[in-house]
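Dropping a structure here in C-alpha cells format, bear with me for questions.
Naming follows writing order (A, B, C and D), and every chain is counted from residue 1.
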C-alpha cells in the first residue's frame, strides 16, 4: 500500500527539505547568519515553517506508525501537482491541504478564515472543481491537479480575466476573502461561462466577505466573467 | 464557601495525529475497520468528520478514507427506471445526474439545497444522509445523552432549543440536519449496508433511528458497517414532487424545517402520496396518517389545510421552538396543494 | 409625483454615483487602481499569518472553561516536559499595565481592573489563561491539554438586567458597573484621567414591574443628561409612544483573525500583526510592553477586516512578543476562529426604553431615552452615551433626556463596531418613528424629513450652557435625492402592503448619521530628484483604501501625476508620520487635512525656491503639472530640479529643519528622510467650527412570506452625505458594504448563550449567521452628495459608520410597513419571531435578553 | 476494570456519569454462580436440618388450625406487584445496555413509579398493620446461625431453635433488598426530573453535576446488585424444600406440619390468630 517512491525517498535530504516557491527558503539560505535569514525570510514572506514540517522527524513515533503494514496505510512523502508543478513534500496523515500549501509550499495566497469549511477563504481548485482546502487531507489529493491563486497569472504577469475584472472594478475591500472568491468564481465559470448575476452569486455563495461588499464583488466577478468569455474566444 | 475544581484543559483546534488508510476496495476497508474496531473512523467527504476531529472530541487511532474505492462512486440506472447511487457520489454529481434530474427531481432539489457549492463538490450523498445531528450542546463535546452521558442540555429551563425537536423526542431533543434524507424516505429508497457478514438492504425509513431506540446513533450504521449505495426504486419515478427547505440563511445553513413530498395525482385527486418532514425530529418524520387522510382527496387548499393541522397534532414544542408548529403545518399544506412546476 | 421643492433642491445637489463619468484631468473624485490591488488579486499580499521566520515557533492558547473563576494554580510541568515545548506564558509573565500619555498630552491612568491578555481571574468563558510555544501546532495543542489548572468557580451573569435585579449576581467580585464614566467627563478637559473602579448598582423590584410584559425596567443610571422641557413636550404631544426594544450582541467576525508573529532583533521588537491602525498601534504596543515606541517595529501591510475590533488590537499582540522574548525565537500565534469568537471583540447589545412625544405633524417634541448596555467584563464601552448623542442629532428632539447604564457581564469583551452606539441608538428610535408615522397617518419619509438636522445642528447635552454642534448636515438633501432615485412615493403607493399569495411587500426608509472626522495629525512626503513623490502613510490598510486615497489630494495640489507617486505604508520601520487611528470614520477627513497641510508646506517651499532662483516674490509662482510656473508665464523649473535645489539648500527645504508642532513620531521619521529631496511636512492646524458628521438615507423594499416567516430584500438604496468624494469606487463600496453589515443586524446576526452554563452555544458562522452573498438585496444602489464639508480645507468626510444603522433600520421599517406594528421588539427579526407574532396576533415577548 | 464512567462537564470538571456497564455481567454471573454453588452444596454436602427438642406437645399441636396464614392478601398483592415492577425495571434498564434495542424509557419510569408506590404502601402496611419486628434479624437468629454454621461444618454445637415467622435467610435477604431497593427507588425518583414525564418539568439543574453523578452511580450499582438478588430470590422460590413458602406467597398459608417442622410457635404465635402479639420469651 505504501507508494514505492515514498520508501525510496524516505531518507533522502530532498524529502527533509521544505520545497518553496521563493528564493528565501532556508534550504537555499544556508550559510547566512541567523539575522540575515530572518531578514530574508520576512522580506519574501513565503518561507516554509520548517518546524511545522519536522514534527514527525523530531518525534519519530508517528512516522513509524504512518508506515503501518495494514492495507491502505499511507506514507508521508508524496508528490503533489500544484499550479502545474510537481512538488515533493512531507505530509502528516492528519494534515490539511491548506496547511501544506501555506506552511510547506509557501503558497500563502490561500487564506485560512475559519478552518471549518464555512468561509471559503481557503478555496482552491482540485481538477478544476472548487474545494475548501482547510477540509481536504493533503494525503487524499495525490495525483490531482491543484490550482491556487498563485497559479492564475501568466508567467509574464498577465492577470487572469477574473483578476483583471477585479482590478478594473476595484472589487473587494480588505481582500482577505478575495483569493477564495476568485477560485470559486473561476471554478464556477468553467461549467457556467455565461451566468446571470444571480447565478454567479449562487456560484460563489460558499464564500463569506465580512466587509460584506457583496455588491461590488459581484460587479467585479461579472466583469471577470465577461473578460473570460472574451479571452476564451480570442 | 469555595468549591475548588481542577479542570482538564480543553482545546478545540488542531487535529490529533492518526493513522490514515486509503483502501481501494470495500473488503480492504472492512478489514481495517475490523482491525481497529472502535478506534477506527470512516471518512467519506469529511465535512462532518473534520469538525469532530479538529475539535478533538473524537480521537480515532485510524481514519479510513473511502475516497479511493472506485466501486463506491457513480450513479447507475436500474432496469425498470430506478437508479442506484453509490455512497461516495458527491452531492454535485447527484444534482447534475440526468437520470436523477429527469425521474427523481425531488432528490436533485434536496441535494442542491444542502450547504454550499464547495461542500456539495466534496460532500457525498452517503455522508449527507448519515451525518450526525447539529445540536450545539452535543457538538460542543458536552457529555449529553447522545454523547453517552445522562443529561440533555437543550431541554432545560435555560436550554437554547430554537432548532430542536417537536416530534419523537426521547430524553434527547436533537434533530436530523440532513436535506437529502427526507427525499430518500419519500422515494422509498433502499440503503445498502455492508459489513464483514455481507451486505443487507435497509428501507430508508428504517435506516434513520430515533433516540428512544438508540440515543447515540442517527442511523442503523454500527461500528464496522459501511453504507455502500442507495437504491431508488422506480415506484415514484416522475411523480409530482415538492421539496422546500426553510433555514435562517439561504446558503450554508441547516434546515429549520424541510419537507419532501412525492405525489401521484390524477383527475385532480391524490392517488398516492409520501410526505416526509425533517428538522423536526431525530430522523426524517414520515407523516403516515396525513398520507392516509389525503389519499383520494382533491389536491387543494382545503385538503392541504386539514393535512397541516393533522400533521402537527402530536407535536410537542420546547421553550423556544413553538414556531416550528405553524411552519411545519404551512409547509405540509403547500406540499399537498402545490401544483407541479 | 415628487413636489417641486424636492425637484428644486435636487437640481442644485451635485451627485456622485457608480455611473458618474470620469474626469482624467483630476485625481480627487476619480477612480484609480490602488497600489495594493495587484498584490491582493495575485495572492502576494502578506497578511500577518503569511510571514515566516526561520526557526519560527507556534503558540496555542489555553482558554477558560468557566464564565468566571479565580485561578488558584496553573501546573504546566507536564506540558513543559514534552519534547518540542519551549515555553508556557501566564499573566505573571506579562508587564504590568502602564499609564499612557496621549499625543494631546492627556495622561491615561492604567486600569488595574483592565484586560491583560492572559487572566488569573477569567471573566468570560474562552478568556485566554496561558499560552504555549512549541515547535509546531500539534505539539503546542497537545501541550495545552497537559496543563492542569485549579479554579475556584465564582458567580457569573450573562444578562445585564439580571445583574441589576435586587440580589442579582455581579460579573466581577468588585461589582457590576464602572464607577467612572469616560466621555461624559471629556478627558480633553482634564490633563489626567481618574483611575477606573468598579462599583455595584442594583435596581428595586418596583423598577422591574412590567418586565414580564416586555416593558424595559428603568432604575438608577450611571449617566444622565438632558436639555429642554421634556415633561412639557409630552404634555403638548399629539401622540406619546413608550416602546422597549432590544438590539443584538454581534461579534465583528473579521475574516482574518487577530493572528500575529513576533521576534526580537537588536533589542527591537518586530511585530507582524493584524491591526486597523499603523502609526497609532506602536505607542499602544509600547504601553503594553512597557517599552519605548522607538523600539517597536510594527508590520501590518494588509489587514483582513477590523470594523472597530482591531483599532490597535494590541492586547493580544504582546503574547507572541513575550513568548518570543522567553524562547529567543520567532513565535507565530495563529488565532483560530473559535479563539477569535472569544477575544475578537463584539458590539454590545443595548436594551432601550424610548418614550417619545410627537406633534400632529410628526415633529419629535420630547424624547426620554433610557439604555442598558451589555458591557462585557472589561473597560466601559461608550455605546450607551453615543447612542444618546446620535439620536439627539439625527432627530433633533425639541427636548430630550438621556439616561444610560453599562452593566458588566461575563461575556466576551466588547469594542466599538462600525457605528458604535449609533447603530443601537438609531435602531431603538427608528421603529418608534415608523410607528408614530402610522399612528399619525404621516408618510414615513415625511416624518424623517421634518425631524432631520440642518446646517450647524446642535447635539447632546449643554455643557456650561452651550450645546455642541455639527459642522454641517445634509440629511434632508440625502433623503430627497434618495426619494427621487428610489421613486419613493410611487413605490409606497404601488407596493406598500401589497399581497401576492402568501407574500407581502413592504417599503421602508431610515435616516442615519455618525461622527466622521478628527483633526490635528501630520502629513509627510518627499519629492525626490527622480521627479517622484514619495508619500509616507501611517494609515492602516484595512480595505478602505484611505491609506492611499487621501494622498491623491496632495498629489493633485503639487501637480504630480499618480504614476509618479510612491506610497509607503504598513511598516513603521519605514518612517511613517503620526496619524489618526484608522477607525471611527476619522481618516478620510483627518488625513486629507494632513495631506493638504503637507502639500501647502511643499508648495510654499517650491515657491520660495523659485523666488530664490528666478527672482520675484514667492507668491508670484504657482505649482502645477510637475513644474513651478511664473504666474501668467511659463515653467521655471521641474519638481525634479526643485528637489535637487532643496537638497542643496538644506534647512527646512529637505527636512533638516522641522516644524515645532509636529508629533515626535513624525519628527523621527522626517529626520530619517531628511536630505533626500524637497520635504512636505506639516501638522493640520486648520480651524474647524463644530464636529464633523456624515449622514445616510437608506431605502429598502422587502417581500415577506407569511407562511414561513422568511423574507427577501428586493431593492436597496443608500444615499450618503459624505462631503467631498475622494474615491468613488471606495466610497461606493463603503456605503453598500457597511449597509450590508447593518442589514446583517436586521436579518439574523446574533449571539446565543446558555444562561445557566454561562457559555455561548452559537460558535460557528452557521450559528451566528453573518450575512451571505445570497442575503444581499437582489438590487442595490448608492449615491453620494458631493457637497464638501463647510469646515476644513478639503471637505472630505468619513463614511465607514453611518450606512450601518441605515441598512438595519430601512429593513426593519420595511418589515413593519408590510406587517404592521408590534411584529418584533428586537433585532434581528428572524422567521420564528414573524411566524409566532402572526400566529399569536401579538409580538413575541421572550424577555429582554439579547442572546437568544 | 474501572467501576465508574467519568466525563468532563461543560466547565471541564470531571464528573461521574454512570457505572461501567460491564458490571451488568459481573453481577449477573455472581448471581448464577451463587445458585449453582448452593445447589451443589445442598445436593451433595448439606446435612438434614435438626432443631432443638420437640417444638410443641402433640396436644397443643393438634389445637393448631390445619392451615396457618403466613401472608395476608394485601401483603401478597404487594409482593407480586413489586415483583412485576422489579422485573420490568431490570429488563428495560439492562436489555438495551447489552444490545437489545427498544424504546424503554417510558416503561422504565412507569414501572419505577409503581415500585415506588408499592414500597410506600409496604412500609406503611408493615409498620402499622403487621408485626414490624418479625422481619428483622434478632439476637437468637444470630446465635442459631452460628450454631447451624458450626454443625454444618461438622463441629459440635447445640442444635438451633426453630424459626420465628421468617427464617434467618429470609430476614437477611429482606434486609439487603431493603437497602438496594431504597437506593434504587430514591435515586430513581430524582431521575424523573431528567426524562419527559407528564407531571414534572425537566430540570437537570436541581442538583449539581457532581451530586447527579453519584445519584446515577448509586442507581446503577443498586440496579446491577438487584440482578443478582432477584436471580437468587427466584432460585430459592423454586427450590423444592422452599416450595411451601413460595406457595404461601400465592395462597397465603402454610400447612400445620410445615409450621411444626420449621417454626417455633413461641417465636411465631399463631394460636390466638393475632399475628400482632410479640413472642413471649419464656425459657
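Before moving on, here are some points about what is shown:
We adopt the following convention: a residue touches a chain if its C-beta (ideal position, glycine included) is under 8 Å from a C-beta of that chain, and two chains touch if they have at least 3 such contacts.
Just so it is clear, the structure is predicted and the values come from calculations on it, not from any experiment.
Counting C-beta pairs in contact, the pair that comes out ahead of the other among A-B and B-C is B-C.
If you average the Cα atoms of chain A and of chain C, the two centres end up 33 Å apart.
One simple way to say how far apart two chains are is to compare their mean CA positions; for chain B and chain C this gives 42 Å.
Centre-to-centre separation between chain A and chain D, using Cα means, comes to 70 Å. Annotation for chain D: residues 10-12, 205 touch two or more other chains.
Shared contact sites, meaning residues of chain A that touch two or more other chains, fall at 92, 115-116, 118, 202, 204-205.
Contact with two or more other chains is made by residues 5, 7-10, 13, 16-17, 140, 153, 156-158, 250-252 of chain B.
Going by the touch rule set out above, the chain pairs that meet are A-B, A-C, B-C, B-D, C-D.
The touching residues of chain C, counted against chain B in their complex, run 60-63, 65-66, 72, 137-138, 140-142, 144-153, 336, 338-339, 502, 707-710, 748, 752-757, 759, 761-763, 765-767, 769, 771-775, 830-833, 835-836, 838-839, 846, 852.
The residues of chain C lying in touch with chain A in their complex are 31, 33-34, 36-38, 40-47, 49-58, 83-84, 135-139, 252-257, 263, 265, 270, 272, 299, 302-307, 330, 332, 334, 336-337, 542-545, 729-730, 732-734, 736-738, 740-741, 743-744, 764-766, 770-774, 776, 778, 780.
Residues 1, 62, 65-66, 68, 70-74, 92-94, 96, 115-118, 120, 123, 129-132, 135-137, 139-140, 184, 188, 202-206 of chain A are the ones that touch chain B when the two sit in their complex. Chain B contributes residues 2-14, 16-17, 56, 136-137, 140, 153, 156-160, 162, 246, 248-254, 256, 320-323, 326-327, 330-331, 333-334 to its touches with chain C in the complex. Taken in their complex, chain D has these residues touching chain C: 10-12, 205.
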